[in-house]
Amino acid sequence: MLWLPILIPALAGALTFLLGERRTRRRNTVNLIAATAAAAATLSLAGAAFQGTAAQASLPLGPGLQLAVRGDLTGLLFACVVTLLWGVTLVYAIGYMSHDRNRARFFGFFAWCIAAANGVALARDPLSLFVFYEILSLCTYPLVVHSGTPEAIAAGRKYLLYAFGGGAALLAGTAWLVAIAGPVQFTPGGALLAAESHTFALRWVFALMAAGFCVKAALMPLHGWLPSAMVAPAPVSSLLHAVAVVKAGVFGIVRLVNDLFGPELATSLGVAQPLALAAAVTIGVASVIALRQDDLKRRLAYSTVAQLAYITLGTALCTPLAAAGALAHLAHHAVMKITMFFTVGSLGQTLHVKVLGTMGGVARRMPLTMASFSVAALALAGVPPLAGFASKWLLAGGAFESGDWWALLVYVSGGALTLGYMVPILLASVRPGAHEPAERWESDPRMLWPIIAVALASVVFGVSASAPWSPARWALAAVSPVFGGWTP
Amino acid sequence: MTLVDHLPAALIMTPLAGAALTFVTRRRWDPALVMVTAVVITGLALALSVRVLAEGAFRYRLGGWGAPLGIDLVADGISALFVLLAAVVGLAATAYATSYFGTGDEDAYGRGLVWALWLFLWTALNALFLTGDVFNVYVCLELVGISAVALVTLGGGADALRAGARYLFASMLGAMTYLLGVALLYSATGHLDMATLGSAPTQGIAASTGLVLMVSALVLKTALVPVHFWLPTAHAAAPSPVSAVLSALVVKGSYYVILRLVLDVTYPGQLPGLDVTLGALGAASIVWGSVQALLQTRVKLLVAYSTVAQIGYLFVAIPLMRADGGIVGVAVTAAAAHAVSHGLAKAGFFLSAGSLQHRFGHDRISEMAGAARTTPVLAMACAVAGVTMMGLPPSGGFVAKWLLILTSINVGQWWWAAVMIAGGLLSAAYTFRLVAVFVAEGAGDPGDAHHPARTEWLPLLLASAAALLAFAIPQIDTLVRIGMNLGRAEVLP
Amino acid sequence: MRDRLPGSQLIPLVTGAGLFALVTRAILSLPGESAGLSVRVTETAAENGISNVVTAVLLDFRGYDTLLEIAVLMLVTVAVFSLRETTMSPTPLSERPGPVLGALTRTVIPVMLLVAGHFVWIGSSRPGGAFQAGAVIGAAGILLALSGYSRPKWVGPRAISWVLSIGLLVFVGVAVYPVLLGEELLQYPAESRKALILVIEALLTLSIGASLVSLFIASASPRVQGDRE
Amino acid sequence: MSSHLVYALVGGLLFSIGTYGLIVRPHMIHKIISTNFMGSGVFLVLIGLGNRTPSGVPDPVPQAMVLTGIVVTVALTALSLAIAKRYFSLTGRGDISEHREERVG
């Protein structure tokens, strides 16, 4: 049962390859059915986890070596985000890619990415996490280079350089960890009590593993691949470069701090503080860079870099509220940023608008799309009562709680900068311009409805943040055992 | 004796009889005859593994004399595993070859004799994997060498002949040196049977010199840097199904003997420095082979240099096997897993390179843009095989490298781990140099996808098997430990 | 590369000298006396009623080596054939043997065949056997070829293929025969050992002789285009 | 020094000379002769050292090994000569050292 969220997309991917390029209808059916089934499986696992039964499963891979998964709340939150958004993105992608080449390859690897991301979410121990993490790196490559243009190939090369560099660091760190601490499992609050005396080795292990994760989490200065990777088709940018891949990195950091080292050990070793500092710098610098981007996707990419650093910073602060805020932001940022990338994809595909300067009039040409975008943009900036506000409230609360006033300042100024780079997009879209309502209103419905759906989600997550099923409450429940059963 | 007791003998006699028969039967029957032989061998190899798993290792006393007087065949876990690997790769290569050699020029050079040569090679490999006698190893090595050289020269061009000649002379140098080593070892100990040699080890310069000569000869035959010079041209010049077998199996043959000598014949501390020297050469091979692979402009040469690099991992495992004075079982498992994984992946890689060459009419990397669309199955096979060799999960290569890295950190020799991680990155570089060309789109209309030929699925099948091998490692681990020489050394987890 | 670099002669020289030093050291370190397996060989051979110990090692104790050795020989023949475009051209190597060579050939060939037969016959007990006999047959064949004799028209390429491989095929068959009797591979039953070995040796002689002649002719004859089957 | 040692040491010398020649000489015929040197060297070592039995009767096992080795060496020589001849008829050359054009890089 626990393998289903991994197995279903993996099989769907394999089937997609075997069906080949021409059987479009069958391929779409297979993928949509798989997405539905995976969503159902993940949600039912989450239901079980809320009841307090964290199931486990493992496959032996050799002497002292297992591929193991466990359905805890932290992991399932990420898995649910990925799997649910996969379905939405599939609908969008089917519309977006309807005239593209190499669709079998695209949808096949897309499904495999989802399988790998779910694996990262559910991995029970550092080694299993590494296994899925590397598969994810690998399966993303064909999607980055999808168009096959020299630009895409170059971006792909850059991506690989970062990904495999990070992978090597992660491998070295994991191997070292297993060598000193044995086959440890993720345990809320930390799993390394037995090995605490190896402070030197543990610091290096943390540094190596964090470096590995930070590549995908695009923490500066390891973020270089992300803006380049924006040459990928919009569905890839939306789901992978705003949700699955980059969040796998952030999620790795969450696991590393909360469930492997534990907040206490991470603080006492003095390894959390440098991470927090790097995240804070990233928030500032990335936001400022985002202000100056004319290309819409690049602007969003730098925004992603900054927002991911919010999560990293929240985790590195090592307080319950901040950790919960980080987890909640992981989910909230997903729905918000995916809305924006969908929108930018629609603009590009339908109107060939790719830069800020040519956006004039698009709000009238595609009012629903742009309205959705506006909601998401405001949410991202932390305007109440939208989703971004809920998570940032928790993050700020955490910073307040630990007395890290500088972090609070970073969060607040980061919010202001977010408004700074989002508002120009909104203004440009309502400015008069070449794009007047033509014969066809809006874009392909397969692209429109997903946008509206995810925009609604960022409203709902914010408005009903106190509902028991909301990501915010989920996050609070998930971090509770990390801090010894803490409750707000 | 029941019939299953004869499995080791049957595994050698079947291809031998097949080889002699294909020489006399009519040419048009050959492919069918060889396929039947291949299927039978595969069945026998499976049966051998099952039997070893179920009832443990056993010896087959040829002629009923028994060692030390006679020659024994040894069927234990490692030999069963290698025989099985040869069977799987051999079956796939045979199926591929029936179509590869079945098309094109009827009067093609050397055609028609390829089947006899191939079955001789298979005989030799099985005999090598099963023998327990150091002099018999010499005869097997010659059989392997001659049939491999003859298969390389099948292309018939001057390049193929030169590559074959260089291979032949390297092979002869190796064989003669090996025989000199055997002469010294026998003179010092009075024994030729590996188990007897191992159970009553003789101290002394002559025995050690003999072993060093034997191992050096085998290192030459395994193409470790700096004596790798003959391999890339030979493996690249050969017809693709042959290259697949050479890279996947033939170099493993001599490595297998080294493994046997290290595990069964030498005792810890007998040859101080040999383990570390082999490991260091292995590390050099990883780096040098990968860098050379990165510089190649032709697919087959790239793949051939990658073989040099991948062989290096097998040798890095050797100092780790001996790291604590006993035998570290994990390192042996890792080496075996890597050998199997690389065998499957490299066979897939070469077969797919062959089909690409056939489709494009050349094997220049720079002119293969768009291959991922026009020949998706082949491009995928190359990519999957490459990923396996990088040691990315969940391939067998990953588990092998993970176990080796972990062992090297555990025994405090972290530098091997560093080399292996760097080697992984280098192999990623050369694999993705190839993949990047495949996915690139040239200018103009690229045309439609080809319908994949049936044999084009074979490389993908092999590569996928390697990529999913991780899930079979526990079985390989169990198998490898059966009959591992436990008398003198404790096997660590 | 090696033959252009300065000092490139040095590495092989050092290799050769080092090898010699290594081997010399090893040889000198050996004890002056060592029985090896000889005592055991002699005893077991005597127990089994085999008079010639070398033959006992070659055909009995290490008969498997000999089987593989035959495989090597046949393999090389196949390999050399694969290097040619034609198989066994009937063209004679020399057109016109001189009167002396002709007379010599006519005189010597029957003697050679007789010697070969003798070698085969004594093979199981005394020095001799298939290799020596085969070598003599091979020499006879080469002599014939050099004297301008070519193969008769009624001996086709397929017949030659059979002659070449019959030795190995029968050896394999005889090796497997004890398995059918419930023994191990190559474990000849004591009562029929002599007969079986004689059969193997006789056919091996044919194959070895044919191999040697074929190797000679295949390498020696000029290339003829398009003459195939 | 007893005679068997002389044989063995000369064998070692022949072997070393053969090795040197095989590595240094680019021409195939030289290489083939060198390998035969090596082969003869090994056989001398085997025969020489096989004569050290206390009984004075030579050990038959090395003799059998030498007989097998001779056949294998003859076979190898035949194959290498065939390759050399074929290569010569294709290219008119007999040396197989590395050439600039095939050193891709």
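Read from first to last, the chains carry the letters A, B, C and D; within each, the first residue is number 1.
Everything below uses one rule, namely that contacts are C-beta pairs under 8 Å (C-beta built on N, C-alpha and C of every residue); 3 or more make two chains touch, one makes a residue touch a chain.
All values reported here derive from a predicted model rather than from experimental measurement.
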Revision key, fill the gap. Of all chain pairs, the one with the highest number of C-beta contacts is B-C
Revision key, fill the gap. Rounded to the nearest Å, the gap separating the Cα centres of chain C and chain D is 18
Study note, to complete from the structure: Distance in whole angstrom between the CA centres of chain A and chain D is 66
Exercise for review: Mind checking the centre-to-centre distance between chain A and chain C? Centres are C-alpha means, answer in whole Å.
Suggested key: 72
Point to revise | Whole-Å gap separating chain A and chain B, where each centre is the average of the chain's CA atoms | key: 42
Review point. Among the residues of chain C, which ones contact at least 2 other chains?
Key: 23, 27, 30, 34-37, 41, 62, 65, 69, 72, 75-76, 79, 83
Check your understanding: Using the touch rule from the top of the page, what residues of chain A touch 2 or more other chains?
Key -> none
Practice item. Can you tell me which residues of chain D touch two or more of the remaining chains? Key: 15, 19, 23, 45, 49-50, 52, 61-62, 68, 72, 75-76, 79, 83, 86, 98
Practice item. Make each chain a node and each touching pair an edge, then name the shape: line, ring, star, complete, other. Key: other
Check your understanding: Touching pairs of chains, which are they?
Key -> A-B, B-C, B-D, C-D
Point to revise | Interfacial residue positions of chain B with respect to chain D in the complex | key: 135, 138-139, 142, 146, 149-150, 153, 157-159, 161-162, 164-166, 168-169, 172-173, 175-177, 179-180, 182-184, 186-187, 192, 229, 233, 292, 295-298, 301
**Study point:** Residues of chain A defined as touching chain B within the complex
**Key:** 17, 21, 59-65, 67, 101-102, 104-105, 127, 130-132, 134-135, 138, 141-142, 145-150, 153, 156-157, 160, 164-165, 167-168, 171-172, 175-176, 178-179
Point to revise | Touch list for chain D against partner chain C, complex | key: 2, 5, 8-9, 12-13, 15-17, 19-20, 23-24, 26, 45, 49-50, 52-55, 57-64, 67-68, 71-72, 75-76, 78-79, 81-83, 85-86, 89, 97-98, 103
Exercise for review: Using the touch rule from the top, collect the residues of chain B that touch chain C in their complex.
Suggested key: 1, 6, 9, 13, 16-17, 19-21, 23-24, 60-65, 68-71, 107, 109-110, 113-114, 116-117, 120, 123-124, 127, 135-136, 139-140, 142-143, 146-147, 149-150, 153-154, 180, 184, 186-188, 190-192, 204-206, 209-210, 212-213
Review point. Given the complex with chain B, which residues does chain D contribute to the contact?
Key: 15, 18-19, 22-23, 28, 31, 35, 38-39, 41-42, 45-46, 49-50, 52, 61-62, 65, 68-69, 72, 75-76, 79-80, 83-84, 86-87, 90-91, 96, 98, 102, 104-105
